[in-house]
Amino acid sequence: MARVELRNIVKAFGATQVLRNVSLDVDDGEFMTLIGASGCGKSTLLRIVAGLEAQGSGSVRIGERMVDHLRPRQRRIAMVFQSYALYPHMTVRENIATPLMIDRTLLAERLPLVGRLSPRRRRIAGEIDQAVRGVAELLQIEPLLDRRPGQLSGGQRQRAALGRAMVREPQVFLMDEPLSNLDASLRVHMRRELADLHRRLGATFIYVTHDQVEAMTMSGRVALMEAGEILQVGTPNEVYHRPANTRVAAFLGSPRINLLEAAVEGAGTLRLGGTALAHAAEAAGQGSVTLGIRPESIALTGDDPAGQGGLSLLVDDLEDLGHEIILHARLETEGAPAALTARLPAAAVAAARAAGRFGNRIRVEVDPASLLIFDRDGLRIPATVAPAAPAAAHPQAAAG
Amino acid sequence: MARVELRNIVKAFGATQVLRNVSLDVDDGEFMTLIGASGCGKSTLLRIVAGLEAQGSGSVRIGERMVDHLRPRQRRIAMVFQSYALYPHMTVRENIATPLMIDRTLLAERLPLVGRLSPRRRRIAGEIDQAVRGVAELLQIEPLLDRRPGQLSGGQRQRAALGRAMVREPQVFLMDEPLSNLDASLRVHMRRELADLHRRLGATFIYVTHDQVEAMTMSGRVALMEAGEILQVGTPNEVYHRPANTRVAAFLGSPRINLLEAAVEGAGTLRLGGTALAHAAEAAGQGSVTLGIRPESIALTGDDPAGQGGLSLLVDDLEDLGHEIILHARLETEGAPAALTARLPAAAVAAARAAGRFGNRIRVEVDPASLLIFDRDGLRIPATVAPAAPAAAHPQAAAG
Amino acid sequence: MSTTAEPSPLALTPVATLSVAGARIANAARLVAVHALLILALVFVLGPIIWMLTTSVKPANEIFQAGIDFMPRNPQPITNYSDAFASVPLLQFMMNGVIVCAGILVVQLLTSIPCAYALAKIRFRGAPVVFALVLLGLCIPIQVPALPLYLAFAQLGLLNTYLGLMLPFFLSVFAIFLFRQFFRSFPDEIIQAARVDGMSEFEIVWRVVVPSAWPAIAAFSVFSVTAHWNDLYWPLIVVSKDALATPPLGVAFFFDAETGSDFGSMMAAATLVSAPLIIAFLVAQRQFIQGITMTGLK
Amino acid sequence: MALAADRREAPAPAAPSGIARQERVEAASGYLFALPAALLMLAIILGPSAVVIAMSFTNYELGAIDWGWIGLGNYGEMLSDRTFWRSMRNTFVYVLIVVPSSVLLGLAIAIMVQSRIRARRFYEVAFFLPVTTTLVAMAIVWSFVLHSRIGPVNAFLQLLGFEAVGFFTDPDTVLFSLALIGIWQLVGFNMILFIAGLSSIPRDLYDAAAVDGADGWLDRFLRVTWPMLGPTTMFVVVTTCITAFKVFDTVVVLTDGGPLGASEVLLHSIYLEGFQYFRIGYASALTVAFLVFILVFSLVQAWVIDRNVHYR
Amino acid sequence: ADVEIEVYHAWPSHKRFHEPIAAEFMEANPGITVTFRTPGPTYDDAHQAVLRGALTGELPDVFHSGYHLLRQLSTTLAARSQIIALDDLMAAEGQEWIEANYAPNVLNLGTVDGVFYGMPFNASTPIVYYNMDLVTAAGGSADALPEDWDSLIALGAKIAASADDVDGMAYDVHAWPDDWLWQALMYQEGGSLMNADETEVAFGNDIGLRGLELARRIVTEGGMPMLDFKESRQQFCAGKLGIIFSSTAGVRRFTECSGDNFALKTHTFPVVDKENGGVPTGGNAAVILSNDAEKKAAAWKYLKFIAGPRGQEIAVLGSGYMPTNKRAVEAEFLGDHYDNNPNWVTSLNQADRAQKWVGYPGNNGVKIWRTQREIIDAVMRGQIEPQEGLDRMVAETQALLPRN
């Protein structure tokens, strides 16, 4: 009952088109993450769902109900803001109580002095206090209830903001980069806490971030946005391993995926520089394709005699991250040397060094199964990539 | 000649002790990184070197010269700030020229109207312009010289700030988190550019950051600070792989290193939970030690029959980062289950899953060579760790 | 018109209750109501100013017509103005106003900017004391020290001099307060960069801080100039000669109580006297409003 | 006093030779920068104010050769002086009318203006215009606009069927008329300050309030705007108060304290006693009373508001 | 070398004759420059400013003092030797010259306790101005303008009743900047301010009481609105006020402002006691405040000029004041001006009733009037009874007089 359906949402601010025909279905109880570069329209989309911004055209349904004409409070949603947006002059308790207070009392009862005269208000206040306590218990912020936001740490503020969002038991939680103001270690912690909360509440979450790690680790599905459009929707695994196009592939993953021009020969032999790298029947007839090689799909060629299979690289730079080493190298191709980044386990490099196989020029191999193939328009060609016939590789490699 | 030597630097702000007896030698031409958590005193130390802050006691030498009594400009240093600190109302050209202008002209010559009367000024202005151009060329910002900082992107501002620092050809560059205001991809880029610049200039760099990746990738040596003290100084490799103590080990590496209590038996058999994990003669007689296990040193147990060697884990949570998977698990030990985090290559997990070896309970093994052993006080025991005798391991594993 | 750029309690909530069309109508209605209220307030605020302008071009016999004829029937744009110039040395008054205001403003800036900078950015023990004095000074209007100042000025022969007109205002605690607020948000790192670049504190102020403080300077200038251009109290006390009279004194002299006042030329004079300020404000308003907003004045 | 502190500080416990150089340079320039202002402050504000307090205990009259200390004599006379009590009462009434009206009106206009997009600048400038006009000149305008017999406002009132009002000639209304002019000149000023305050309220808070259901303007105002404007309100109220206490120009030009002393205000009394009747001692006592009231008013307000606005 | 003399006078509107006179004087005396201080708003304000200047060393060289304050001014300044007695200078001009130019009662205006300090420059008496349009509309006529208070009040009442937006009359004693109109109320019944030896207030009698009652009646019966000084003048100019009492000095201004709007007519001030009653002579006398010999000589020259026939001609035509110089009415000067302008003659018609406008002894003249005025105002507004008002006036005035 708390599905969220966006249909053909269009939004412009003045002359700038911010959302171009965005449609998205979020299932009941799903954790959907909107991810995209800064300024791509994520917040705007979220605010349209919340009713804080009116769409230019298109419609929003929340739990089978058209909500276009409803005010935020009537949409049964809650929102958590990047800045937490706690009321600085209220205690945490008052902050959390506010949505309920507004929901349950009449305007007159909320007026500064007059309000106290209402007999109903006392009863309601009791109920509300119950609810606030319940939420505080869940979030383990009971000891903080009488502090002001200014007296809280980032993580505590975060939890208070969550409490305010939860207390009305909304069908849908909207979160706009709720973790981006926290420091790294707290972020890791809150990441898991949020995922946990989602599991416990069973509500629908729509979560905005531009942090890949958050998107990858927390969400059921990810919607990747760019310039007001959704490029792909899918599970984190899908978008990472089966990106719809080069833009998605390039956005996810750090270091960035290597995108290299490759020639397609015959029945689908993919040739990079001079080397036949793999074989993909589906690419046959394309002339040339873009190969996507994740840095982690590149491995040092093992103990087989040097000169055997794989690619020969000129090492530019090594960045030692301790547990792994980022290798910046150039592919010795025929034309201009193409840059290539690889992510190598520190242990593997150490081993290779020890074996004298790690000099200025090294040989690496690419796991064909993880190769991504994109056509001229950047769209991925779903392909089962097999290793190239070893025979085919040899003569060319010598030329490289 | 441009060594920097800090001797017993002490500094307090009011009652808070910010630096406690810090000594550090930075070699001529070295890239030294100060890393530590927020508030540990990195910036304060840097500012003391610059002469922007006076130490409580202790002394600073730059290039064999005591500089305690010298003002910043006399110390032949340059500083690059986190916010770049460009003069907002001046063009890039004027920004870069300012240090030279101040250096070479008299105060009278810099006065608004009077200054123009000086004949010397014109000549000097010519020289300065030469110098500014030289720097701009090196940094490839010539086309930006006439813009104001407000009209530049983050990376461009960064380069302008570098230009201003370089133009006086200082002996020492001090940089306070110069990359932290840049977005992720630009940061990666500028990281390499800075390292490159250091190589070309050959000057001494003291670089403050709280980003491990920066520290690990750029520096010749790293000084790790905590609460106003330097915990360890060494090459990135040293501090990562041979941390002086648990604090250093815990600070570097993400996810955090696993620190687990282990019992030492006999001649140095290290026993975790019930499993004999490794053997280290140097630990003999310690009773119990703390084992440091880097998340990446944990690997899924290979194709050998289940129940064979290694540790048995209960899986709590998986965070799929695409290229790798962070595993949160509990070690099935005798007492309270100890938490363990492992970093597994996505491919390995996929393979294990395919082979049906990846359920709620999994078996992993730890590369003994990468094990770190700390004594009761948290100090690392330099040890050559060998695999435990396989025989010893078996019976206990069954008990676990 | 669906949303507003700035938050405000009256910002139109984008989505109202009934339907999209209903919401549009409700928003439009609210918009009209708000503008109606604002325009009503404008009548109160601008009415006298407009009346001054129209009266300044009315012939004498139309002015003392009972009633609410705002517009002149036979406008005579010149007569009252030339009368005004003829009967009092208005240009002289305005010139005096310019000299006095400029003198005051320059010295105020020279004294308050360094002090505000010191309070905002320099660590020295005396800072809290000086700032406490500033806060105290904020609550002491010129009328309090006026008597001793008058006596002292009489002793020093400063009555009926420009210096006498300006001296009591050479220090503006308000300026110190305002600039301090502004400078506090000026990044420390830029100042440190300047120190590393070798600038003296003095140079930092005029080379780095002042050029970035234009909005605050503009805002303060508007306050200062309007206050001193319009001040009546002090000039009334120290000036007794036409040659030194400031604009408000000049206007006050039009009061021709014995035979009733010559309203037409009085309004012409009032217009002329107010005009420079209004024009100056219109020119500086963008900076002024920006300066006020940036300073926050909190 | 800044100097004294400096001298004590200068030879600070200088650690190893010359270590605190930068700090001393900094501190020295701090004192140097504050010095001219501090001296001027002493010379033209604090010193003379102290002299006023001293003179209030004398019977000094301008030009008098023999004068002496009379202790609290002036204050005694003040307390039994009808004119003093009257100016006191009038000043208070004036402040009590002007401050709330101009603050609330300024706030209301600021809120309405701030949410305009295109018209905002126009309104800002238009409402601020009265601040830049010469009050003396505008007082003359007001004197005619509010003429009790032939002024346009009365003509309008009579058109609506009301009695003509003696704005400046009826002792019961004259203070209100002066207050009206005071409000007229202050509203734009307060509006600008409030707009500055409003612009610094984070938009997120309004959004949060909307999601929480506070989407009516009153709820938004009570829950976000008003609490967030606390510091601005404090500043505005205190400055408005001081300005209101200083009412003088309009009284001198328009009513000279009349009719029946109904518009006699403190500053005008001080001016008359000091600069017209030359009774410096007595005028000083009045001035001290004036200063005390301003200080007490400001401090009490600052304290009351301060307790309710500082959240951090 | 050139001598500069600085002149200070009250009433900004007087610039319109002071300046042309000075211009002619300077033309005739090339070695002397005359500069003016910013005029004081009223006689009282100007007087206080000069006293202040005396104490701070900022005195003008020539000052036009209101007659009623001349006594206080000269007493105060003479004690500090800051004012010049003009007797010697007069005597040096010769008796013949004096007689040719000045009547004794005129010179008396500038004389304090037998010493001649002030050269009379302007002289005026209060007269009545009628808006004849309103008078006619109310049934009055130009030939039968009231001569006594009762009929004046009756006419005022009729005018007030004749139209909605019109008021009857204004006798602005409650708003007048000095006590001139109050003295007029006393004098017209033959009363006086002080007793003969100037120790006590003398109006604490029937005359004083009747004066206050009359003032109150003008309000209650005569249709007088309680406006302030400027407002009633503006209202008269606007044609909405039937009768106004004012100085003859305003003839010119009122004539101008009435313009085509309504017909203006002046009439003499009603006097109850035809024998002893009179009207106070308003105006001012010029005093010399500089001890510098050169300036003194130049100032004397200036005084002779402004109080001479040509100076007076300009002053009279610029205002409506009566000339203080006998020769001013000669053909060469004012000539037939009075014949052609009947409204200007009124002041001359009551010249024989002109009495000296006196001031109080001591230093509190200005403050005394502020005090009295407020009580008169309260009486006229009906807030206190005339008797009570009179008692308070007497008591409070007495308290401000010198004690000895």
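A, B, C, D and E are the chain letters, set down in written order, and residue numbers restart from 1 in every chain.
The definition used in the following text is that a contact is a pair of C-beta atoms (placed from the backbone, for glycine too) under 8 Å apart; a residue touches a chain by one contact, two chains touch by 3 or more.
Here the structure is a predicted model, which is why all the values come from computation and not from measurement.
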Handout entry: chain C and chain A - chains in contact with each
Key = B, D
Practice task
Based on which chains touch which, give the shortest step count from chain A to chain E.
Solution key: 2
Completion exercise
Taking each chain's centre as the mean of its CA atoms, the one lying farthest from the centre of chain B is chain E
Handout entry: By count of C-beta pairs in contact, the leading pair of chains
Key = C-D
Practice task
Find the geometric centre of each of chain B and chain D from their Cα atoms only, then give the gap between the two centres in Å, rounded to an integer.
Solution key: 56
Handout entry: Intercentroid distance (Cα basis), chain D paired with chain C, Å
Key = 14
Completion exercise
dist(centroid_CA(chain A), centroid_CA(chain B)) in Å evaluates to 27
Handout entry: Two or more partner chains touched - positions in chain A
Key = 51-52, 71-72
Handout entry: chain E: positions in contact with at least two other chains
Key = 55-56, 165, 230, 234, 238, 240
Fill in the blank from the handout: Residues of chain D that touch two or more other chains sit at 22-23, 25, 62, 144, 149-150, 202, 205, 207, 210, 215, 224, 275
Practice task
Write out the stretch or stretches of chain E touching chain D in their complex.
Solution key: 45, 48, 51-52, 54-56, 165, 167, 174-175, 225-228, 230-231, 234-235, 238, 240-241, 364, 366-367, 374, 377-378, 381, 383
Handout entry: Touching residues (chain side chain C, partner chain D) in the complex
Key = 4-13, 34-35, 37-38, 41-42, 44-49, 51-52, 55, 64-68, 70, 110-112, 114-115, 117-119, 122-127, 129-130, 133-134, 136-141, 143-152, 167-168, 170-171, 173, 176, 195, 200-202, 205, 222, 226, 229-230, 232-233, 236-237, 247-248, 251-252, 254-255, 261, 263, 266-267, 269-271, 273-274, 277-278, 280-282, 285-286, 289, 292-293, 295-298
Handout entry: chain E-facing residues of chain C, complex
Key = 60-61, 64-66, 87-88, 154, 157, 159-160, 239-242, 245, 249, 252-261, 263
Completion exercise
As the complex stands, chain D meets chain E at residues 62-63, 143-144, 147-150, 158, 166, 168-171, 255, 258-261, 275-278
Completion exercise
Counting only contacts in the complex, chain D reaches chain A at residues 202, 204-205, 207-208, 210-216, 218-219, 222-224, 227-228, 230, 309, 311-312
